[in-house]
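Taking it in order: structure first as structure tokens, then the write-up.
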């Protein structure tokens, strides 16, 4: 019997989910069948049009209907962040598995409520931290686990884009804490945290500072300037539970950066470095062999880095962003079929998002924050 | 009414076609419906299994059945190159549109026959020169057309992989001219030619040389060595009809290269450079503005480079190889619906493949060859 | 009349100074003559041998003799950091101009004393922050001053090497605070600070954390383990007086990094990025012209970036580390001849080194430190 | 007793020679003393001024005087290429050692005459093929000699600059074969040949084509257009005596390329790649260890790559173009002291230059040319 998918939202992430669930079964031979059951957007004709384009069996403009539909076993939530909580709680209450985009919620309290509800209901959850599904990232984790770079002792990361770099961009609700929550930390920073924790383990404490680069932005109606309430940039210095330390920085106002999501793991025997804008490459340095031949190796993703081979048997042919979403969807389908948790579920995502909120607290209160 | 797809083959390219036709309609909102009608492979149970995985309605182990099926309007041919001609001619005879993997055929004569048959029958054709569907490649063409780098005067290209670099790999039928046709020119070189012609126009003549790097390979049964009959590497110096010149090199025995398919177009005002292993980047140099600020720009693919935006509204998120196939499939579906030719059809592909055969002739006969 | 140079030390930096002062006059046509008057090292025969190799007129094993010599107008101090203060104070007392390697001293108090003495005596001073003499760095400053990237709002920097990455390296005096002062902050971090201040202006305050990665190291005599007392890694989050913010990280235990000294300046119209391991390249992104053609430009150093042209009239031919020292020496000679200050003199260097000590204080005391 | 240097020319290469001979002894501890004896340029006051700047003991405006001077043991020739032959023959006739810039001469006949004269006279010679003195190049040769990449089977090279890319540049004597000889082959191509032969051994035969991109250029006096008689671009396909093959291309009209002098050596076990614009990096791929960890290593030049350490004991600090000239001068001084040949002497350079002339012949006559 196939698993019915109900998808809420048809924007950037909505389309990404639709494409991923369409592709997953054909890419991987070991998945349960998934049925594109119901698509929700507003207004109704848009929902119908997109359902036709994406191949959904039906459409609705009422997400409550979707959440309650007996045709739907998975609810995919790709709406603006402020709506995640209500939709997820309703889906959980209806006994659905939930695939929620990141961040889970605007506040940590909301995220905690969502996690507790999912745990109590025993449904499967996954949050859209897509970058950790990259075969290159999985390879980095494997190399660390195998001791190839020794003990990880230091972490560095940045995640920058430039969608808020232009001072002349108009003010939007995204600049308002009550509506949008955090700024670059919620949009970008949490992705980097998902990688940092994946590679280094849990964070013990941190000190941080944040920056509003463009204090005001012109109101769209020309009536003046609106205040920007959430951070354009942030930096945190981390202490991990392992004793390792590290740093991460993020900016949504970094001209020229389109999806720069970079990390370095410094080990006692070597280093691993990665840059999302070249997501099919992993840099590895190992203190091994003749010193005169040592250097960072650029490892191109290929079939030796599962599940790359499910997409393409030839190395160097490049996966794209959409393929990461396909891996994410496949993981969720497998977990549902197996009745087992998947990474990153609400509990894991809560851990990621606790860090970005701790950064915010540290910056506002000027003190070290324990996780 | 939807267009029925019949796909022959489920290997690397077979899967790529299946995924592409599954995705195309959901990615692009303007396509005619396509129906995954019939999948052919041998043995029959493999065909059935893969049909289930790929989402085809039916399966067969007899490609003649597929070609004749009234459910099938497009025949996708992804079998070994030596089988393309027979299958394509049969499909054309049955009035089907043909999506054929590259190279079209083992010999230029066969390719000519295929092109003539398709032309006579008035069916639509497309050949799997996927790399020219890259938004970055389209952007390069557009920049040239707009005069951004002035008049194109010189071309450079290489296409290298390492799948035949290891001297200890066993002999296979791929080393035999009668079965496999050309070597690296047919596997890789023709892709580069498709780019060279796309950017620079038709080739007028060339001089070339080829090289068999590993003269023999161990027979799989341990009974000795088998001769390698086709080239491991080749270089050609081109004169284009425009008066521009250029060079291209290819090797299937280039350790470390996984999909290095690089070109440079030298213009009178600037240069464009590209490397497939970083397929989401285009390098552009323009002799413009203060000299002290001039440099090669790394342009990351984004929504400004159609049809990137159909996959993702955010720049820098990276398309993958599979996405190129999706664009290819979409182009074909649009052409069929519109009753218009698409690039590269059999006629265009014949032009590409004439060049690789001319390289072979020039090398064997030690003379300049006119196209 | 020529200016006599007295050089103390013949190691890495001693040789670098010798080569720089030998070359400066021939590279630049506008310098006062410099005479390699006296070289000091111990023992005496080493001093004599190196004087012969470096082309010094005389040698001594007593730095007091050098400092007092009437042949000497400039005293170059390239000895271990703990000796800088005493030598510099003696040279200043003798009325000599002082070219001192960085960091000025082990403690901020010592550095302050040196600066005050030089100021009181009216001698010229320069500190060996060589990287800011790179034509590419000067170009970055010029681009910022011209507003090419708008108002600088954010800074990022890292400076990493791997000379203390190996856990098995023996304990040396460099691990002892009393003898060596700070760790990676004094060796590497201060270089980055010299760049940060040069690009962004003065630092107002910071929060920081430091890390000792290898808590102990084996004693050379095999008698056990010695404690490492100074930091292997450090990160600071900076607030500049301009209102800009930023972050810098440094590690001496970063496998594979040989001289990674990288910075980014985020502006309201663009970004500049630089990496010392590719010191002849500057990355520039400007939000200008068609969006589809925007990208980071790799600007190769050339004659448009003074004083590159004094070394070589052809762009892209590459300057080396030694050439930076030659520019530094030339700057000092010009300043002496003109009777004017040069950057970075003791006062400027004191400003740089105040920052690394503030980082240390912030880390040890867990609080924001005002500069 | 010291060796007297007489230098003819004070332009780009003249200055480079002066700086190199000034620095060599101080960099390397094992060299015979060299004395900057006599500098020649015209007019006389320029010679005097530059002698003062460069540190030469005397100046002349008559190169015959220099060549005959008893103070001079080495004659360095850095004048326009058309003057090399006459000066070198005179210097040889006077029993001087000759350091000649490349190419040796305008024609192969002239170069042969020079080589024969030097051989007959028993003087030492060296030609300014500076790039093969790069420690990274020496390391590449060593890696090949040690079998690290197996047997070299294929070579690729390009050498491009953009000093003749602008169609509006005025006509100069450099466009005239009688005065300038070959075009880009003589300026740039011969450098690449010096690398190809150094890495792969002698060339057996080749086929080639050349291109004049800008057929005419505006005459400086505004009287019309002057014809360009020598090639702007060239490509050759090489067969080496070893059985390896390869290709090389060169252009002086390649916008954005400042000193792109790149090569790849394909071996049976790996590959080496190099790019002069990043002259402190060597790329190495070896088919060794786990396939999932294979990749091109970026080896940064350091003390493990002699003679880097003579300049700097710290890796990654970067040598520059001038340092290559210093190594070249040092090699020559050592050879003179030892009474032994040095690479590349006139005989070796004749071998390099035979190849560029063969390329020219092949292109003009449309046939394979044997070396």
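Chains: A, B, C and D, in written order; residue numbering restarts at 1 for each.
We adopt the following convention: a contact is a pair of C-beta atoms (placed from the backbone, for glycine too) under 8 Å apart; a residue touches a chain by one contact, two chains touch by 3 or more.
The UniProt protein names, listed by chain, are A, B, C, D = Gfo/Idh/MocA family oxidoreductase.
Everything numeric here is computed off the predicted structure, so don't read it as measured data.
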Inquiry  = I need the common contact partners of chain C and chain D, sorted by label.
reply    = A, B
Query = Could the interface between the copies chain A and chain D be described as same, meaning over half of its residue numbers are common to both, or is it different?
reply = same
Query = Between 0 and 180 degrees, and as a multiple of 5, what angle does the rotation take that fits chain B onto chain C by Cα atoms?
reply = 180
Note = Note: chain D sits from chain A at a C-alpha centroid distance in Å of 53
Request  = Averaged over CA atoms, how far is the centre of chain B from the centre of chain D? Could you give it in whole Å?
outcome  = 40
Ask   = Per the centroid of Cα atoms for each chain, what is the distance between chain A and chain B, given in Å?
value = 34
Remark   = Expected list for chain A, residues touching two or more other chains, is 257, 294-296, 300
Ask   = Given the complex with chain A, which residues does chain D contribute to the contact?
value = 139, 143, 148, 282, 284, 290-300, 304-305
Request  = Would you pull the chain C residues touching chain D in the complex into a rising list?
outcome  = 11-12, 15-16, 18-19, 22-23, 25-27, 29, 49, 53-55, 161, 163, 257-260, 276-280, 300, 302, 311-323
Message = With touch defined as at the start, can you tell me which chain B residues reach chain D in the complex?
response = 149-150, 153-154, 156, 158, 165-167, 207-209, 211, 213, 233, 235, 237, 239, 245-247, 249, 251, 253-257, 264, 266-271, 285-287, 294-296, 366, 368
